[in-house]
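Encoded as structure tokens, here's the structure I'll be asking about.
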């Protein structure tokens, strides 16, 4: 899982490191598929991703689009809120849920459909991950996180959903420096912290 | 739905007002069933509640226990986290979810059971409500809320789940006085605000 | 009169791929995209929580009537968006659903993407306005992929929003670039959601989707109900003299 | 030797309602509730996220070994609870799951009850320690209602915690007040969760629930494996000389 909504809240330093490391055959879960070489773009350029689960690959995801056209990467397209809920279900120890979203559309293909609460709905399943790579603004040394403005987006959900969560942060502060009421992601969900100056790519 | 965990975050002023108003035949959703005359206790004393959905009625819920023994009130006992999730499902427009919690126990009685993710799980359904009575610390004039310490508990979930949410708060501040990153319950979930000095009952 | 007793004006020779042109092929003036947005803005009640989709809907924020406050929701976790950020004042941690830098109004709040979609799917938004490729007479919406287009398309938040908004308005041109109607009996494009649209605002008309069918509410200046019907792929119900679109 | 090849010591004449007493009826010293808590505290690794249930588990916080930091979770939305608040310093907005005023340690955080149970059910807690009325040889737990007791009982967070903790420890007395074993072949009390218990710490023994059965790990001072088995309603596996319980 890779956080961010476009460039906002995207862990570019972690992805750059993963690109240098060269891990292959990755299944990626992320809202978008990159902006040219930025964000997930470099991973598709390097052909490190074999399957991606996304809500909106995006018009500037040129490396993804090339790999997709060449059938070098497969895509599961998921409605954005359902993408969130499927990750949250994994986080929360739920085995599936019913939703009206996608009923009668391509998204429903192959999924169980039934009527509940007098509405047609389909069964959606959790999305688990070995790793979440997320971006936060501030971490304390224990791993409590806060996010800046709308750079929060998918990051808190992914932090909860993965086996191991690695957070790229702008600053690390002493334990106790974040007010307990202001913590957005409690440290229990955060396993590694990497301090790095945020990288931005033009949209 | 009535927020609070015991006395912490319980909207005692709203419940006192509801007791004075005398509304009857209420179905209540709340973690506990009161502490003697405190919290929900007065509602059971007045016989205003006919059915209650709770996780832990509590050892000091004497008025509830008397009504329950006299079969004047019925109870659905729900595991606490599942109580949260069922309310959240209503809030989130989900029609049900599967969980391993309660499998093989009395809680599973009458519920659909199946195997998903290689685990036995049961289908749980949303809990909807006409009203949520909640307690927060601070509201801005638009209805954005923050909570104090562990008085947060069920309140943000119930605020999302009900058709109409009424918040009892200690203070009302001008719009914009709460930092947008520190809002816990966004104003879209809050329909009425009542300022009142919090009431506490001994446990 | 059809057997359901509802008066309809003459049906076009329907067919989605058939080019339907105005009588005589004379090009009448249609509303601009900004004018469509301006008309749609009038549908937003004061104090409403509103999500605006890509395309024409995104222009609506610039056309709010004076004295009206609307709390714009963005599915990346913002409630209370203000206008786009001025050049030089952009903050790329504060972008809307189109990833364009925006500003906040007082009372704004941030939350994560799952809570943002609790708001969409859970019926908490008063109004959502989406773009559309096709709308059916039952209010089915197709707005995320054009068959034959390059690439896999993208759903984004559209399906959650369409499934959950209390009122869903679609803003779009009345016809495709090839002149085919975008309001049709059945959608032939990949669907976004079934029976979700309440109102359609196009460059020719305002149309409400009702249980009994498509109710023509207003027509663009210089256009008649018959002329709009001729460019519409499904029957329109015309209950009375149809007024011209209002813009204020 | 049983057919599975695992050595077991002599089975008691089993039966849950039967009072099983030590040989000769001599009352040997059993651990106190505080001592059970003290022994269980040793099971908590440094830095662990831990939920403590009602009863004996709640005493564990007072017995943490020096130099160990444990982040105590409370299902009402706290991570990082410290000791109970001193008299006069109580804040009733800061209470634990038993509604007792507590304090915080640095690094604490607050969150709502649904997120608190994402932590329990989702497998994020390293260790949970619950009280128990009965534990079966398969690790089934019954801990929320005694049949015949007045009132409907209360589940609270126990079912979510039992279903989700990475490691679940049960602290309880080895026998009921009537002398019946609380470790049984099958639970007869209302269940909390199936096959959830990893370790049982009682006033007589430390027992691990393994796929092959109940493995006796330690016995209380002055008690033998045979004596513990005689008070246990299910067979114990004894692989080697059983050491005395350690407390530090």
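Letters A, B, C and D mark the chains as written, and numbering starts fresh at 1 in each.
By our rule, a residue touches a chain if its C-beta (ideal position, glycine included) is under 8 Å from a C-beta of that chain, and two chains touch if they have at least 3 such contacts.
Small disclaimer: the values here were computed from a predicted structure and weren't measured.
Chemist: Write down the chain pair with more C-beta contact pairs when B-C is set against B-D.
Modeler: Looking at contacts between chains, B-D has the larger number.
Chemist: Taking each chain's centre as the mean of its CA atoms, which one is most distant from chain A?
Modeler: Between chain A and every other chain, the largest centroid distance is to D.
Chemist: Centre to centre, by mean C-alpha position, how many angstrom separate chain A and chain D?
Modeler: 37
Chemist: Can you work out the whole-Å distance between the CA centroids of chain B and chain D?
Modeler: Roughly 29 Å, centre to centre.
Chemist: Where the CA atoms of chain C average out and where those of chain D average out, how many Å apart are those spots?
Modeler: Using C-alpha averages as centres, the distance is 59 Å.
Chemist: By the touch rule stated above, which residues of chain A touch at least two different other chains?
Modeler: 85, 88, 92-94, 99-101, 147-149, 180-181, in rising order.
Chemist: Among the residues of chain D, pick out those that touch two or more other chains and give their numbers.
Modeler: Expected reply: 110-111, 117, 121, 163-164.
Chemist: If two chains touch, include that pair; go through all of them.
Modeler: Pairs flagged as touching, ordered by label: A-B, A-C, A-D, B-C, B-D.
Chemist: Can you list the residues on chain A that touch chain C in the complex?
Modeler: For this pair, the touching residues of chain A are 5-9, 31, 54-58, 65, 68-69, 75, 77-82, 84-85, 87-88, 99-107, 147-157, 184, 200, 203.
Chemist: Could you list, by residue number, the parts of chain B that touch chain A in their complex?
Modeler: Those residues of chain B that touch chain A are 85, 89, 92-101, 116-117, 119, 121, 125-126, 146-149, 180-182.
Chemist: Which chain D residues qualify as touching chain B in the complex?
Modeler: Listed in rising order, the residues are 74-78, 91-95, 99, 110-114, 116-117, 120-121, 140, 150-160, 163-164, 190-194.
Chemist: Using the touch rule from the top, collect the residues of chain D that touch chain A in their complex.
Modeler: Touching chain A: residues 49, 71, 73, 79-80, 104, 106-111, 115, 117-119, 121-125, 163-164 of chain D.
Chemist: Could you please specify the touching residues of chain B with respect to chain C in the complex?
Modeler: Residues in contact with chain C: 88, 90-94, 140-142, 144, 160, 175-176, 178, 180-181, 183, 186-189.
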